[in-house]
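By written order: A, B, C and D. Residues from 1 in each chain.
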């Protein structure tokens, strides 16, 4: 019962098949191959507009390289206090960005709000040209957020409008973008450039790829230095065609949405099952493939003893449990876990 | 007839099998998995001593992270003028190393010599403590060199002795290390730490892996900051177990040497076949899987028209052709190419 | 009536005399001169213990270079949200520190508290060895603080004890250290190493020097890389003897405390004079040479019209006015300003 | 007899007077003062065209900040193997430039030639758009060169034409620019922008200032990021007016050329006097204020014993002695030294 993260899952069969088919062939190196050269066109279809797409190997690199294109070394990127780029990357954005600063702000569901963004912008607005200050130059949102919440197109647009009005570039960390697309029922275009997103990190690894991420520029004027940065950062992989074919295999026939839909449904199944367990307090129905619930520490421990894997964080005298599903989460995983959870409740009552 | 690079090949069947077997499982993330945790022990067997091994995704990252552990931002790394780290990485060592300097020196076969190293060391020896100068702090050799030449244990030891006598750390870029092991008939230990190498980049990607490199520390005192550097550089991959199982699959049963031996033999077959072609001047029998020959421009063009892929560099009025073989180079590739080469000669004579 | 900053003042006569005396001589370059070589011994007397002292040209450089010696590029420095290093240096600590992070926390009077420090340390304590997180590695306090408040030896010790218990290095930004020494009546030793400070930036420029700052290491084990960093950062000035003689001239006969005492007394005179002006709300008696008061916007404007120079910051519907005195603030400056302020009040009443 | 360097001299009287006059005044901080604001206009007169001028504190900073504006972190700057920026700055250009690379090439008199520049450009010309290579983006020449040689306008123009034809920016390190102006009899304009220089480091410190350097942009499109870079690098000095008044005092009435002329004449007097000393081999008549001669080691030692200070570098079995004069070199220094040198010769003969 692996609910610790969607990166604990393996590789989706169709993506593995694509890798296997490519394995016995020769091909171009360093992204000069047929698959890599098809990416721009394929993503253009998915996003309904011209884009520039650059495959990379990890989400850390995707986010950090994208932000380095949006922000000078003496500038700052606004994000949520719990954003992955701020708390989980050991300072990778600062490294790739030549010493840029991250300015974290609060927001429910680990989401930025236009009001929150306005507040921090107003606080430094007079200082944009003051050479002594670090100017805000970009924001980054994560959709799904690190709390599993989706931004709607309207929420995204409100943020981007505010940002653009102040000259900031807008970045979307889409490690779980497919889950957000399915969860909101919006199109990829509506969740991104139509709402004002300039550049995104498009994640496939958590959605069934072995290793495949991409930086997608909607505002292609930001992309000028990307290729140098990618090479210099050790992300222009020699056998890049194996990354690109994963991306293409995932996008083929909207399979990327199918795998995400499966994960989202399993998360909803977990949420529904747990809603009937009296010792489990919901933190809200999942927007995607992440479910957060509050339980007693003893409950969390019992779940772990029963073989469930997940992350728990102390929250007052309870534990905030995060359950993440993936393309690989089976009905059996869900039902077994729910039995444990219900059994636990029974035990508690006895 | 793909001889442009060993990175144009696909994935060796045994490594693909290992990936496929892992694909349907769940596992730990960020190198906290069973396979990754077995690496130290497995490499210790291969190298006949305790080591610290860190998997990464690309050779650029392996080299650059290793060097960053050997050299301060205000220090310098000595390497050959044609070393990959100097001419093919868009400044990646400088980036990962916080602005370190690379000091390139000459040497036959793209190999450093102890005499050459001594010369540059003597030139700056009086300056090692001079705060105005950039102190030499490490050297890096590539074995196989970028000219396909192997360093023997004795040559390596002569360099390392010189380096250590001046306080330099010693790094080996082993992108084609397996080919050097096979080519020299030496043990991995003799080619590395027994000859004084402190840290190496161990490459598996060119030798049949999809994406698998590792930094191997023999002098583990240099490894203290590696894990922070790797994370911060976007190289602590979430599904790292897929990298580690490639390394383990390659090392299993000395398969890594079998694939390298196959490649080396194909290079020798090419060399032998071309030695009988009068318009082709040999640059020496191959030590590994890279063969360099000099031909007329018209010959190189004819080979390309016939479907051969390779890199050619102008060398006076001739062209230096590099032919690289791999685990995937078949006897048919070789014989077809040799037929072209011999046919070409016949044509030339007619 | 120049109260905008103590850096608006010129050069104290004794320091100018020292410069003039040196001007007609030849001397060693790059801090290899008689004056520079006397600094360690002279500061050792002032601080009652062995120290390592390195002159530099600006406070920005002093702070940033000191912090770079205390914190890895992947580490973080805790300071107040209003600390100069965080809000007024355009990211200089991040630049000199290779991309380190600054973690700002709140505190009255722009001062850190041990409780506040403990809170942020506790929040990340479990993460000190987590390679995904940015570890806290140092704190920096400013004494006088940017709000003109002094840290007592006891307050400093409480902070340093907490920091050292968690493995953090401790830095003091002493741009106005002389004012803090005079204001607290403590010895330089008590305010620094006896309370646990590892390294400080010792500022003389605001206290009457033309251009003279120094980094003073009490924990000399942190100083190992300083000289390389200083040179590389363009702060190993060729005519450094002119910096060192300013430091020596300032310290001679405790003149540095005399100039600071004068400035502090002028600030107190301003405070006393303004306390009798009904439209002026005090933010507390000054600990040093900075006075903060709250006034109506119209009052601030009237003061400016009358020729007073100062910084004002909106604070609700009032303006927080900062008045800074220096060695060069004359009794006449003070009395003229107080007349304006009292006249203003009279006007307001009429 | 101080001939070690012009940075061993003190401060020229007129510059000291300007400092003294400013010392008793208040003024704006951080280059927002009357003197700093006059720099653009004053330099425009000197250079006969609009320029942007930014004062800084050290030559290291001037050169490194200027180059950072000309070259990406992944680019390279071509200079002479003996250029100050390459051999005497502990990697400062790499630090300020975010890891840029310096490509050193040879040339007589420590001067670049258009032929030498063409050669290195041709070698990498095919690679300018190759993302694997470090593109050449700028060159830097020093006028006077580190061997005391002047570039004529024609030589400068030949270099700049070549550079611009390949898209490189052109930088002049003018630490001893005044000496070059006087030595060549050219105008400042002819030696710089009229010959194609885009940006220069204008040095006053070696020419009698206490601490005053400036970066002068002729191609103002390169200056966009300069102010942020300067602040972030700790070079936006609070009491910058004291730097600016030194620059203005030096330029007033062409005093900067008078002090340089004096230094040049003293160097020529040394050269003439030494030409009559048989054991002293000239390395050419000085173009500016640096004279190089070859002598026996015993001769160099005798000079030192007699109180002469200079730098000597082994050159075969002789010593290359560098004698540098300055505004402060008196006739007596010269005559005393020449007596020693002639006496030495007499001794040698006896």
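We adopt the following convention: contacts are C-beta pairs under 8 Å (C-beta built on N, C-alpha and C of every residue); 3 or more make two chains touch, one makes a residue touch a chain.
The structure presented is a predicted model; accordingly, all values stated were derived computationally and were not measured.
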| item | value |
| --- | --- |
| Identity of the chain that, by mean CA position, is farthest from chain B | C |
| Winner on C-beta contact pairs when C-D is weighed against A-D | C-D |
| Where chain A and chain D are represented by their mean Cα positions, the distance between them in whole Å | 52 |
| Distance from the mean Cα position of chain D to that of chain C, given in whole angstrom | 35 |
| Set of chain A residues in contact with two or more other chains | 73-74, 89-91, 95, 98, 131-132, 228, 231-232, 236 |
| Chain B partner contacts - residues on chain A that touch it in the complex | 2, 4-5, 7-11, 13, 16, 19-20, 22-29, 56-61, 64, 89-92, 95-96, 205-206, 210-211, 228, 231-239, 242, 328 |
| Residues of chain A touching chain C in the complex | 73-74, 87-91, 94-95, 97-102, 131-134 |
| Residue numbers on chain C that touch chain B, as the complex places them | 30, 72-74, 98, 131-132, 225, 227-232, 236 |
